[in-house]
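Heads up, there are several structures right after this.
Next come two complexes, and both contain subunit A; in the first it sits with subunit B, in the second with subunit C.
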Partner chain A sequence: MLAFKLAFKNIFGAGYRTILNIAVLSFAFVTIIFYNGVIDGWNQQARRDTIEWEIGQGQLWHPSYDPLDYFSYQDAHGPIPEALQAEVSAGRLAPILVAQASAFPQGRMQGVLLKGIPPGQSILKIPTAALEEQDGQVPVLIGKRMAQSIKMKEGDQLLLRWRDKNGTFDALEVTIAGVFDCNVPTIDGGQVWLPLERLQDMLGMPGQATLLVAGEGFTPSGDTGWAFKGHGYLLADLNKIIQSKKGGSGVIYGLLLIIALLAIFDTQVLSIFRRQKEIGTYIALGMTRWQVVGIFTVEGTTYSILAILLGALYGGPLLWYLSEVGWAMPSGSQDIGISIADKIYPVYGAGLIVTTVLLVVVSATLVSFLPARKIAKLRPTDALKGKIQ
Partner chain B sequence: MESIIQIKNLTKQFPVGTGKFTALIDISLEFRKGEFTGFVGPSGSGKTTLLNIIGSLDTPTEGEVTVLGHSIAHLTHKQSARLRNQHLGFIFQTYNLFPVYTVYENVEFALLLQHMPAAERRKAVLDALEWVGLTDKMDSKPAQLSGGEGQRVAIARAMVKRPAILLADEPTANLDSRNSHHILQTMQQLNEELQTTFLFATHDEKVMGYLRRIISLEDGRVVKDEQIVMDKITEG
Partner chain C sequence: MKKIIIIILPIIFLLGGLSAQDADAILKKVDENLSSENRVFESEMIIHGRRGSRTITSKTYSVGDKRSFTEYLSPPREAGTKMLKLEDQLWIYSPATDRTIQISGHLLRQSVMGSDLSYEDMMDDRKLTEIYSARLTGEEVLDGRKTYALELDARVEDAAYHRRKVWVDTERYVPLREELYAKSGQLLKRTTLSKVEKIQGRWFPTVIVFKDMLKQGDGTEFRMTSIQFDQEIPEYLFTKAALKQ
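Presenting the complex of A and B:
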């Protein structure tokens, strides 16, 4: 307690130096929380969107299906296993059929993936209700990235050419029934969504699918030959991207923290040099050297505690405001190939705040202790004479 | 009066470059409770070094120094800190007050280290400030005090814990004549009332006028150890 009392008096007596240290450290504190909050917010949003728009509660893959190998698509389809038919009928599984094709927007040719999905499904957020066929038109859905890429909009006609199961080319003009806006690029770029039965018919593969998307209430059981892929597998790439992003932002906030800690370190070194007589007097009055080291170390810790309080004062409202209005991402960020929203809403979990507080306090204590250790080795008579080098 | 400090064949050397500087050579002295003694001599004669060793701020190179039954050479850092905290008071030439503390807090500091209860501590601090006549300045910061007042705070800080021995290193060097006499009279009064042993390092003639024993040092050796008769003090 004595060390805290003395430390408080000393740092409040230090005036502008104290204000500068606390301001710099609090800025680092708030920025670290904000950066991590953005990453966590992005992480949560990306996971949520990927689950809601693409992977549901997991997927059952045809044994030949490999989403990274386009050549596998030709053979990656088969009848939906009998054991899963009841789940499909109950709406707990949504079958998707995947095939390669070519599209001819504006007279150009572009490779696309055709994906057939039941219009009445409710597992994924893709607005498949628009795929109900009317007036003899073949409705398709595309994402906004795809729409931008092929320069088409709702109501436009698009020519598709594909090869059926026998390798025979066929072509059809479809109508873009809707352009959906979602943050998951892997269901958008280069993809055309059709009614499942229509695509099965086009390919000559009635009742077949490439994969089945699981909804709430589906429990994988029995050996159907179709491999169940859970969130751990399907979100692995996303998690890796998030981790690498965290690593990158860690460098930035590490630098910020180092700058702030350098200010404290510098202050401590200067303090020990300038306050030699004070140190000698503490010892002469009966403090041990380590008690004096304790005072100087606690001073550094106190800087960090005050910085956290100051950070909470201005950072609290600021961070709350940003979590409400979101942080707008640059327009180009939609095209980087990972799930990212127009706005990211930072999420500040208790773990993040507690970890950051501990990080700031422990590192400030450490950089205060390092120069203060010198006191433990000095001769009190030298300190009283101001002879510390 | 009982003997409280014994110095036997004390030699102190400091490393200087590749060699050694001998600050004290074969000093043997003894001090009794209630003494008002000064080490006098020119700069470099070893006064402050001797005071520092008695105050357990430094250790002998050779010989034995025993203070209140504690052998200075054999004390751990913690033991010597406890000895200083409980039994020794220091007064420095430059007062060495803590600039961010008030007068009250400066005086209170030594008692905080002793973990004295708050009420008892407050009474002791106010008593000490009354001895030195600074009750009205208790909320001032050291920067707001005159030199004489600063040194009186240092005396109060040294005396507040009622130490057995008070070590004063050139206590009047930064004071004018009037303040010097005032300080010395305060110390003399405390010495008489509390039987505190005062040891000075000084070359100030004014201080010498108050001393009852003068030990002259020259080049690290005791050249004269003189008891002063009481009536001389009153004349001074």
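Presenting the complex of A and C:
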């Protein structure tokens, strides 16, 4: 208790030096929480969007299907296994058929992926209800990125050319029935969504699919030959990106923290140098050397506590405000192939705050203790005389 | 009345049969002119784009419809690029990266160096008689030449184009124009062939203009600057190793 009393007294007595230390450390504290909050927010949003828009509760892949291998697309289709037909009928599985094609917006040729999906599905958030055919038109859906890249909008006509299962060319003009806005680029860029049965008919592949997206209530069972891919597998890339981002951001806020800790370290070294008589007096009054080391260490730790309090004072409202209005991502960052929203809403979990508090307190204690160890070697008589050792 | 029908119907069927037979015979003669055991040719590909035209020269060695090897000679940017087709596989070697890549899927549908030809078009080189049944629909005059107008319908499942219209020179049995259609009836490509020359005893068009009807632009002109049939082509050319040499 005495150590804390002395620590507070000395800290407030140090004036501007204290203010500077606390300000820098509090800034590092708030920055760490904000940075990690943004990454956690992005992680949550990206996982949620990917599940809702692309992968559902998992996917069953045709044995030849490999989304990263375009060579596989030509053969990656087959009849939906008999054992899964009931699940498809019950709406717990949404079949998707994938084929390569060319689109000709404004007379330019562009490679696209055609994806057939049942218009009545409710597993994915893609607004497939717009794919119900009427007036003899073939409706298609495209994402906002695709719409921007081909400069087309709802109601426009798009010419598609593809090869059927035998390799024969076919072409058709389709109508863009809707442009959906989602943050998952893997279902948007270079893709055209069509009614499943229409695409099956176009390709000469009735009743066939490339993959099946699972909804709530589906439990993979039995060996159908189609491989089930759960969230662990389908979100692995996203998890790796998040981990790598966290690692990268750690360097940035680590540097900031080091600057703040360096200030505390310097302050401690200076205090011990200037307060040798005080140290000698403590020892002369009967304190052990390690008790004096404790007083100085607590002083350093107190900086971190005050920094946390100050950080909470201005950082609390600021971080809350940012979590409400979101953090705008630079334009173009959505085109890099990973799920990222226009705005990221930071999420500050209890774990994040506790970890950051511990990080700041422990590191501040450590850098306070390191120079204070010198006191343990001081001779009290020399200290009382103020002799520099 | 019945008697008239009984007499006329067999005549109609007979004429129709003759027409098909004639058309197939015409097509066979076309194949005889255009197909060869092997050929070596140098060509200029003039691509007419929106920003002007550019010319790419190349030398090609091909054997039947299964194997071919092309080396691009100019412009400097494309020089040294080589293309190897073996059966239904295609590889491209780029000297800039010193890499050989296999062209497949999406890439096969891309145009070759910005032209109106896709890699797929370059790979499909079978005889017309192997793929199509022909029907003679009439005679027309094209650029002062009398032609047979033929309609070709695919009789194999894996034909790239479901239907073609071909105008064949009645004297030289060389197509002067071709239109390629999708299954839906959409016109996909138009080819105009001209400058027909007699080379090693066969008539051969030395200028071909390809126009992708779905794309903008004035098409791609393909000029054969030299062509030799039935030459001795070293086997090693049709290996992936030859691409890097």
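To be clear about the criterion, the second predicted complex is superposed on the first by the 388 of 389 C-alpha atoms of A that agree within 3 Å, B and C clash if a C-alpha of one lies under 4 Å from a C-alpha of the other, contacts with A are read in each partner's own complex, and residues count from 1 in each chain.
The criterion applied here is as follows: a contact is a pair of C-beta atoms (placed from the backbone, for glycine too) under 8 Å apart; a residue touches a chain by one contact, two chains touch by 3 or more.
Just so it is clear, the structure is predicted and the values come from calculations on it, not from any experiment.
K.L.:
Clash or fit: what happens to subunit B and subunit C when subunit A is overlaid?
P.N.:
fit
K.L.:
Regarding the shared-chain residue A:274, is it in contact with subunit B (first), subunit C (second), both, or neither?
P.N.:
neither
K.L.:
Taking the C-alpha centre of subunit A as the vertex, compute the angle to the C-alpha centres of subunit B and subunit C, in steps of 10 degrees.
P.N.:
150
K.L.:
Would you sort A:107 into first (subunit B), second (subunit C), both or neither based on which partner it touches?
P.N.:
Second partner only, subunit C.
K.L.:
Classify the contacts of A:159 with the two partner chains as first (subunit B alone), second (subunit C alone), both, or neither.
P.N.:
second
K.L.:
Which partner does A:170 contact after superposing on A: first (subunit B), second (subunit C), both, neither?
P.N.:
Only subunit C; A:170 stays clear of subunit B.
K.L.:
On the A-aligned overlay, A:151 touches which partner chain: subunit B = first, subunit C = second, or both, or neither?
P.N.:
A:151 sits against neither subunit B nor subunit C.
K.L.:
If we overlay the two complexes on their shared chain A, which of subunit B and subunit C does A:288 touch? Say first, second, both or neither.
P.N.:
In the superposed model, A:288 contacts subunit B only, not subunit C.
K.L.:
Closest pair of CA atoms, one in subunit B and one in subunit C, after superposing: how far apart in Å?
P.N.:
After superposing on chain A, subunit B and subunit C come no closer than 70 Å at C-alpha.
K.L.:
Residue numbers of subunit A touching subunit B in their complex, please.
P.N.:
Per the touch definition, subunit A meets subunit B at residues 2, 5, 9-10, 12-14, 277-278, 280-281, 283-291, 379-381, 384.
K.L.:
Once bound in the complex, which stretches of subunit B touch subunit A?
P.N.:
52, 55, 57-58, 77-78, 81-82, 84-86, 90, 92, 94, 96, 98-101, 105, 109-110, 112-114, 157
K.L.:
Can you list the residues on subunit A that touch subunit C in the complex?
P.N.:
The contact residues of subunit A facing subunit C are 70-71, 73-74, 100-102, 104, 106-109, 111, 159, 161, 163-164, 166-172.
K.L.:
Along subunit C, where are the residues that touch subunit A in the complex?
P.N.:
102, 104-107, 109-111, 120, 154, 157-162, 180, 182-184, 186, 188, 212, 214-217
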